[in-house]
Amino acid sequence: MTPEEQAEIDALRARQTPTRRVVAPGLEARLYTPHPVLDHGFVRVIDYMGDDGAIVQAARVSYGPGTRHTRDDAGLIRYLMRHWHSTPFEMCEIKLHVKLPIFVARQWIRHRTANVNEISARYSILDREFYIPRPEHLAAQSASNRQGRGEVLEGEEAARVLAILKEDSARAYDHYEAMLSTDGQQGLARELARMNLPQNIYTQWYWKIDLHNLFHFLRLRADAHAQHEIRAYAGVIGEIVADWVPLAWAAFEDYRLRGAHLSGKALDALRRMLRGETVTREQSGMSPGEWREFESLLRG
Amino acid sequence: MTPEEQAEIDALRARQTPTRRVVAPGLEARLYTPHPVLDHGFVRVIDYMGDDGAIVQAARVSYGPGTRHTRDDAGLIRYLMRHWHSTPFEMCEIKLHVKLPIFVARQWIRHRTANVNEISARYSILDREFYIPRPEHLAAQSASNRQGRGEVLEGEEAARVLAILKEDSARAYDHYEAMLSTDGQQGLARELARMNLPQNIYTQWYWKIDLHNLFHFLRLRADAHAQHEIRAYAGVIGEIVADWVPLAWAAFEDYRLRGAHLSGKALDALRRMLRGETVTREQSGMSPGEWREFESLLRG
Amino acid sequence: MTPEEQAEIDALRARQTPTRRVVAPGLEARLYTPHPVLDHGFVRVIDYMGDDGAIVQAARVSYGPGTRHTRDDAGLIRYLMRHWHSTPFEMCEIKLHVKLPIFVARQWIRHRTANVNEISARYSILDREFYIPRPEHLAAQSASNRQGRGEVLEGEEAARVLAILKEDSARAYDHYEAMLSTDGQQGLARELARMNLPQNIYTQWYWKIDLHNLFHFLRLRADAHAQHEIRAYAGVIGEIVADWVPLAWAAFEDYRLRGAHLSGKALDALRRMLRGETVTREQSGMSPGEWREFESLLRG
Amino acid sequence: MTPEEQAEIDALRARQTPTRRVVAPGLEARLYTPHPVLDHGFVRVIDYMGDDGAIVQAARVSYGPGTRHTRDDAGLIRYLMRHWHSTPFEMCEIKLHVKLPIFVARQWIRHRTANVNEISARYSILDREFYIPRPEHLAAQSASNRQGRGEVLEGEEAARVLAILKEDSARAYDHYEAMLSTDGQQGLARELARMNLPQNIYTQWYWKIDLHNLFHFLRLRADAHAQHEIRAYAGVIGEIVADWVPLAWAAFEDYRLRGAHLSGKALDALRRMLRGETVTREQSGMSPGEWREFESLLRG
């Protein structure tokens, strides 16, 4: 971050204005500050709407006069989460400024229920910043899982990979600049020159999403099956959400992050096991893969 | 409104909390206050995110370093509106509490890109409040337009209509209560009893939407072809938006409310007329209906 | 159904045209035929796109060259369902023509990710058709569940309710016609007259949705907590889907309809129970409501 | 295309099955065949639902009994397009298989209202295929428009750019393979190795969208302001749509592609010009940029 950018953030943070709106103290403390992710990325909270109370308020329109309001907020929020109510959580909204490598951005954008404004490489010249993994994150293709990572690469191979990534990034950017240059030539259009840049270059966007859809994003992207790099962002955003709506976060953590979904076959097997019966995979009707996941779930 | 509700609103409005977020003074003044619509309806602003500056900020991520920021905010916002950019306007969000008749709610809900929490008549007993039009809004079926209203009804016919609407509403509600009553009987389930209620009964919801989609809603529902009752709501919401994001509202007013879309055929005719030629409908290739709309547009 | 409508359907069904597209035989057999629901409602399949194979095909773009295609279709579809993959299921689409009471339509429309064209009571005069429940569906408000039904109403009370519903419907429709009539008067605009109609009157729409979102609809609306009347529609649509995409339906049935979601607390309790420990509600950290649902789940 | 792929397509095209659904002959002729775009890209129609008649059918649910059906289909479709009705067009759906460079895919995916299944570079090894522009498409940055292209590059500069793009693509792919290789090393995980690939590498996806949203896509991406490379795809898709729904396409072409939107200020100026007055930019209240666009529109 440049000193100018730091000064701008300090100025934004110094300014306080009275509002009649609901205020979430845990987020106010985080507003505008860049939370670092990976080697050059960050997540910044730019704005938000609502708090735990807004979820309860929206749900209780559904109850209105004629019902009693005895449930406490935490209990109601757990109830809403347990029964997959989505609309009360949609009443909270957050806007983030995110800096991230393009290959992460391509996974991220698959979540369609968000508002996005990305820096345009048709208009702007991208910065010379590339994601280069730390050696401990350089892993081999998994042998058992076609989409995942296996063991960490050994020293020499890791060094070779890092050298390739660094050299190719630097050369691609040098050539990007050379094509754009108007020094003694016309200079290639930015919208064309950018195509030479590899997918570990960083981009930036404003990303605005409601809490229900953010939870859906976090459930998929904080999952152990997600790629390490996007999980790093999901992890930071999770900490932000925990400060913003602590009751909703606690419910989400218990039901979604720590919870699990069981099929009818799995429930049948489970009921028999609880009655003391021994159940084999063949009896359960599950495939080997399902059975493996089921056993691992029961072990915890 | 009951004194308790008024006291609750007064208490909400009296509370001010410092925030680091962007504040829109024009909306702060309106927060929580019910703006009356029709005979028993209202629109209340419950929360909001962003202001005109947030639109500009989001658009300029698209410009970023490497471009100059010489355009002033109003000009940029007009440019975005003119070229149908939608994502910068999506960065602003507003949450309303609305009380409205069910037949209006049924038109309104067709706008799918919003978040809604409606009071549930499965859980709650609805209030005895019905929309009864003012006599000057009791119009005959239009002779020329199959979907619209024609002349205002004459005295006796209007009186007959009003009497029917009032009596049927009252009787339906009496029967609703009679079916629900547990006095000497089991009492019908609320989810069943409600089906006896006519569509002019009032319901309530929390409705949250971004500015781009709100403009789309207003363009369709503030239009002369929209039904009077929903236009009444669109009118009040328009005034709220004008106080919230005055620059965006001015651009919307000029481009969408006062502007018009011309077909290629219409543009061809227009160019010839500007060259001094006389153009007939037959030459233009337009249908009688299109030609009528075209002529009316040129008259202003 | 009128003889003209029946003749039209017969003509549609008699026509067969060759296509290069994928064909789902189970749906071809059902095309255009009204499947009755409630007393006057129906569901008709008007068009569809894709079959089980289309789900597999879309998922395998994700595998492409470089991976082996050993998983069989049923196994892959179960895998996608188990791991909450949504996009392959979105590749199938169905279009239904549905006739349904307005209070059911109001619940239904809350599912926003569908395309809808509803008959407009601003343009058209609605038919004199009202939903009158069968006596065995006239239930009292549930004592234990604020949103549900309890015991069936006893004879005399049921008779009284039915009489009210029938008389109020008939009277409301008589008055609707009287207000619309142009016999010796101008005739009230349709968009106004309709507000006198109760919510058990039938409406119609074309409803088009992809399979992923249809499964979401069915999971919520075929659930025991959904209101009986919308469950009746969900039940018929479920049978249609089972004929259309039998492999996807089987996976949906096992994972969603017969499956269940467990919280982290529930999984912890379960693991201890499987180890032979006795777990009390207090130890589990669950609320009384959660514990009740948990115990009921384990009983099956 | 490999001979195996060609044989597969031939086999798909040779198969015809009777269906009761609506069939669009113009699309049947195109099904499965790759329509080439750019140097290695294509668009293939995989499936579709509906035709011009389906639009009319959906719109007329809105008319139903009680209205007359005198408007002919073409006129009704033009009316719907003129008055921005969207839901009838949503009743048609198309599924495409598209091969396209990543930088084009990144623009394309911004259209959120579509269903997408993209080949995953976490699972699969991408092919060695890169977009290299033809010399006549290598343009300089525009001097007047920050986001566009200006003049075509002169010979030597163009040659230098092409050499860079080709060499960097080839080297990046060589290194991609070297990092993936398990020959004497563990082999880097695919999800990491891919980040070295530049954005002109080709990807593939299945893309399914309804006609209303497809028209919105085409309006933005077939526009003169869109980047040449995505316009090439929009052009081919436009030809496909013209064969699929000829009436809707004709209306779209006249109202959206050849039409224009005028602001209130522009309409005021126009009305005065039609009355023979001379209007200057200053009198019009338009900015220089708006006035330039306005004058250019009137010239045609």
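Things worth noting here:
Note that the chains take the letters A, B, C and D in the order they are written out, and that residue 1 is the start of every chain.
FYI, a residue touches a chain if its C-beta (ideal position, glycine included) is under 8 Å from a C-beta of that chain, and two chains touch if they have at least 3 such contacts.
Remember, it's a predicted structure, so these values are computed and weren't measured experimentally.
Among the remaining chains, those touching chain B and also chain C are A, D. Comparing the chain pairs C-D and A-C, the larger number of C-beta pairs in contact belongs to C-D. Averaged C-alpha coordinates give centres for chain A and chain D that are 29 Å from one another. Put simply, the C-alpha centre of chain C and that of chain D have 34 angstrom between them. As a whole-number value, the distance joining the C-alpha centres of chain A and chain C reads 32 Å. Of all residues in chain C, those touching 2 or more other chains are 63, 67, 87, 110, 116, 120, 123, 146, listed in ascending order. Touching chain B in their complex are the following residues of chain C: 101-103, 105-106, 109-110, 112-113, 116, 120, 122-123, 131, 133, 138-142, 146-151, 153-154, 157, 160-161, 164-165, 168, 171-172, 175, 178-180, 182, 185-192, 194-200, 227. Chain B contributes residues 12-13, 15-23, 28, 31-32, 47-50, 54, 57-59, 61-67, 87-88, 90-91, 93, 95, 97, 115-120, 123-125, 127, 190, 204-206, 208, 210 to its touches with chain A in the complex. Residue ranges of chain C in contact with chain A, taken from their complex: 63, 67, 75, 78-79, 82-84, 87, 110, 146, 220, 225, 253-255, 257-268, 270-271, 273-274, 287, 289-290, 293, 297-300.
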